[in-house]
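Next come two complexes, and both contain chain A; in the first it sits with chain B, in the second with chain C.
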Partner chain A sequence: MSVLEIKSLTHSYTDGSPFINDAVSDVSFSVEKGEIIGIIGHTGSGKSTLVQHLNGLLKPTSGEILFESENIWQKPKEIRKIRSKVGLVFQYPEYQLFEETVFADIAFGPKNMGLSGDELTRQVEEICRLIGIKEEYYSKSPFDLSGGEKRRVAIAGVMAMKPEVIIFDEPTAGLDPKGREEITEIIKAYRESTGATVIIISHSMEDMAEIADKILVMNKGKLEMFDETDKVFSNGAHLKEIGLNVPTVTKVFEKLYDMGIDVEKDVFTVNKAVEILTELKGRDNNA
Partner chain B sequence: MDNIIEIKNATYSYTDEGISHIALNNISLNIKKGSFTVILGHNGSGKSTLAKLLNGLNTPTSGDIIVDGMNTRDEEKELEIKRKVGLVFQNPDNQLIASIVEEDVAFGPENLGLEPEKIRECVDEALKSVGMYEFRKSTPHKLSGGQKQRIAIAGIIAMSPDVLVLDEPTAMLDPKGRAEIISTLHYLNKEKNITVVLITHYMEEAENADRVIVMNDGEIINDGKPEDIFQNVKQLKEVGLDVPQTTELLYALKQKGFKVNTKALSIEDTAKEIAKALK
Partner chain C sequence: MLKDITIGQYYEGKSLLHKSDPRMKIIWLIALIVLIFLAQNMYALGFAAISVIIAIVISRVPIKMYLKNMKTILPILLFTAVINLFYGEGEVLFSLFGKINITDGGIYRSVFMALRILLFIFISSVLTYTTTPNDLTDAIESLLSPLKFIGLKSAVHTLAMMMTITLRFIPTLIEEAEKIMNAQKARGADLESGGLTKRVKALIPILVPLLISAVRRSYELAAAMECRCYNGGEGKTRMKKMRLSLIDLFLSLACIIIGAGIITLNILL
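Then we have the complex of A and B:
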């Protein structure tokens, strides 16, 4: 079943003025429950504007967003309800920490949803355990943590609302390789324990290749491609034309293909590459 | 080659709520004139602290930084050192100030007190060298991230620096923007003879550097050519870093019995190694 359906979504900034500018133009797609969707696109392609519609932070100029088959703007006064079901983690979310303690910061979202007492504590503790925030951190000030730890706390704050869909806008930007891997692990852990649907915006093709089931490509406000990860990455030339790229390992395979070696170009992870090449070598040796 | 920067036993420590932290611990390092150096290290390893010492934005707690013979402690040399060593930061939006590209680039040379004709010349030259001349009349905020960052670099280049130090200049950019910055830096290094010190979290960006320095907890733990540095897969992973995907692939293949040279770094060389091993 589709958890989200986006129908002909258009968002114009400065609508009605001579400077009208479609940030998102006639975009339609649907997301199945439990999928991991990667969104890629050049800077200014409309990725962030698009996802801010999915939890009702922005209202479409035209078009509809359906969450579990219901138009989220049907009752505009109740739009806040959608925000606990579709959680959004912004870029550099650590800048939004504000509470006195780590615990209070993480509890802020679920508290606003009406949780209190033991139930609130349980939900916050559960998320902390899941993503590795230790108890001794609960009473610390979030401002005393390192950059990577702050980001983890900020992400926990959204996860603690137990959203059914969770969206990350460049969750690994500015982190070192280990930090990037840790955030990816957190996202996987949340998905595994809750079965949630995950949408991730990223500039790292390698990260997308590792985690996404499907990839949505944005270009100049329009949806350029939406397909299984391997199908998208087999369009290397097209992706490069619109300012994107393919994972490095895919480029190696494009080269091998050009050199006349019997491989496909849609290989996008190191594991898959090793598997294919090992098989190819075995076949040649036996021939 | 002469050393343009000499770092002699530099330590940098600071106190936060009564607790003393050592960000850099007794670092000694020479940067050769005209070289392209990449500094790798995890968040908090001391890379940015080092960058800020190189043009005297901060002075070391102990030890010395010598730029083209001048000590960064010498207050009389402050302006000259800052002109010689330009610093570019992560977020281009924080570095652009004017509403027209060429005015932004002119900010530096104007402050140097140059003649108007000379300013014009510096600005045009700088914009051409980063491939942004045709955008000289544009508004910076309408440009892409990579273009904005190239304008920020042009603003530094317009002051004719000897050294360009960049602190994660590609962290906020998309793949195209990242590629634009890296090729611009190699162009400036080769064609304009500018010494480049690039701090990054992207291992691939070290591929064509002359030298890679690996930092961990305020110390230099490795220093060498990129193809040699990336052989230390285990060490790099231990300090929160990684290797380029090409190296990772060649390593995995070697373990499966492929006869490949794991020092190949570029896509082209990696493919050649694999093709050779398949024969």
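Then we have the complex of A and C:
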């Protein structure tokens, strides 16, 4: 069953000027439960505007967003409920921390949902355990943590609401390789334990190839492609046309292919590459 | 919402007022505000109103822009008008609830006061629409420069720099505030409902991060300025020098005529 269905969504900014810009124009797609969707696109292609519609932060100029077959704007007064079901982690979420302790900050979301007492404590602790925030951190000030730790706490703050769909807007931006890997692990861990649907905006084609089931490509506010990851990345020429790219490892294999070496061109992840190269080496040794 | 705030909103143009010296524009603005205050009767104020309208016309900024500013000022305008309605003397036109008398003097006063405020807003907008914030601060720095003769040399530059930085960061902070608001809303924060205390409390999750980011930005800015050898205006030269031109002479004459007109109308009528 589709957990999210977007029907010809259009969003125009007016900004008081006579120009009307369609930040998102006539976008339709649906997301199945448990999928990991990657959204890629050039800067300003409408990715962030698109995802802010999914939890009701922005209201569509026209079109509909259905969560579990129900239009989220049917009861505008209850839009806050949808925000606990569709969690959104913004870019640089560490800048939204405000509480005196890590624990209190993570508890902000679930508290807004109406949880309190033991139930609240349990839910926060559960998330902390899941994504590796140790107990000695609970009473620390979030402002004393390192950049990567802050981001982990901020992400925990959204996960603590136990959303069924969780959206990340460039979750790994500005982190070092280790930090990036850790964030990816957190996302995987959350999905495995809750079965949640995950939507990730990213500029890293490598990360996308590694983690996403399907990829949605945005270009100038329009939906350019929405397909399985392999199919999208096998369309390298088209991606390059709209200012995007394929994973580096794919480029390597394209080069190898062009050099006349007998390999597949459609290699998107490092693991797959290792597999093929090992096999190739085996063949060479046998020959 | 937050985006409706217009502070120092410059409207690109090539009118006489855009081209004139920002220092003179500040002087004219101060002069006109004093003159509007001096206008004692409807004729003098009417004359001032015509002058303001002419200024708006030659600014070549669409009237829509001026009316947009009105939205925020409307409550103050209405409040002044209503309060003054009850403070008039003269013939009683009608009574409210049998106790409060509305007189013709009251109505006159109410219209007079409202018109006066309206003129202040419009004439000030003429300045902000035709002058970039940077030009404004440069002009203020230049106008305050006589202070250096009484030993406040660095104070003038510091003040001007502080104003420039403030103006520069208003849009940045608005953008930042909106981002934080969205982030907290995404965590289920309720900013729109509840009583006063609840609403004030709901601001904490926005104000704390905003303040922290403002402090962080100021450190970064200070470091960036030091990297570019900022030393507080010592030996600073300007790319754009402000010079008086014929336009300024012409517009100054116009201001003097307006002044003379208002004072004459005050005395004669």
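Everything that follows uses one rule, which is that the second predicted complex is superposed on the first by the 276 of 287 C-alpha atoms of A that agree within 3 Å, B and C clash if a C-alpha of one lies under 4 Å from a C-alpha of the other, contacts with A are read in each partner's own complex, and residues count from 1 in each chain.
Criterion: a residue touches a chain if its C-beta (ideal position, glycine included) is under 8 Å from a C-beta of that chain, and two chains touch if they have at least 3 such contacts.
Just so it is clear, the model here is predicted, and its values are computed rather than measured.
J.: Tell me the contact category for A:Ala104 with respect to chain B and chain C: first, second, both or neither.
T.: A:Ala104: touches no partner chain.
J.: Just to be sure I read the superposition right, which of the two partners does A:Ala189 touch: chain B = first, chain C = second, or both, or neither?
T.: A:Ala189 contacts neither chain B nor chain C.
J.: If you stack the two complexes on chain A, which partner ends up touching A:Leu130: first (chain B), second (chain C), both, or neither?
T.: neither
J.: Per the contact definition in the header, classify A:Leu120: touching chain B only (first), chain C only (second), both, or neither.
T.: Neither partner.
J.: Can A:Val252 be said to touch chain B (first), chain C (second), both, or neither?
T.: A:Val252 sits against chain B, while chain C stays out of touch.
J.: Mind working out whether A:Arg83 is in touch with chain B, chain C, both or neither, as first, second, both or neither?
T.: Once the two structures are laid over each other on A, A:Arg83 reaches chain C alone.
J.: Which stretch or stretches of chain A touch chain C in the complex?
T.: 15-16, 52, 55, 57, 80, 83-84, 87-90, 93, 95-98, 108-109, 112-113, 143, 157-158, 161
J.: Where on chain A does chain B make contact in their complex?
T.: Within the complex, chain A contacts chain B at residues 41-44, 146-148, 173-179, 203, 205-206, 243-245, 247-249, 251-252, 255-256, 259, 261, 270-271, 273-274, 277-278, 280-281, 284.
J.: Which bits of chain B are touching chain A when the two form their complex?
T.: 41-44, 90, 144-146, 168, 171-179, 201, 203-204, 237, 240-242, 244-246, 248-249, 252-253, 256, 258, 267-268, 270-271, 274-275, 277-278
J.: Give the list of chain C residues in touch with chain A in this complex.
T.: Residue list for chain C touching chain A: 3, 68, 179-180, 182-190, 204-206, 208-209, 212-213.
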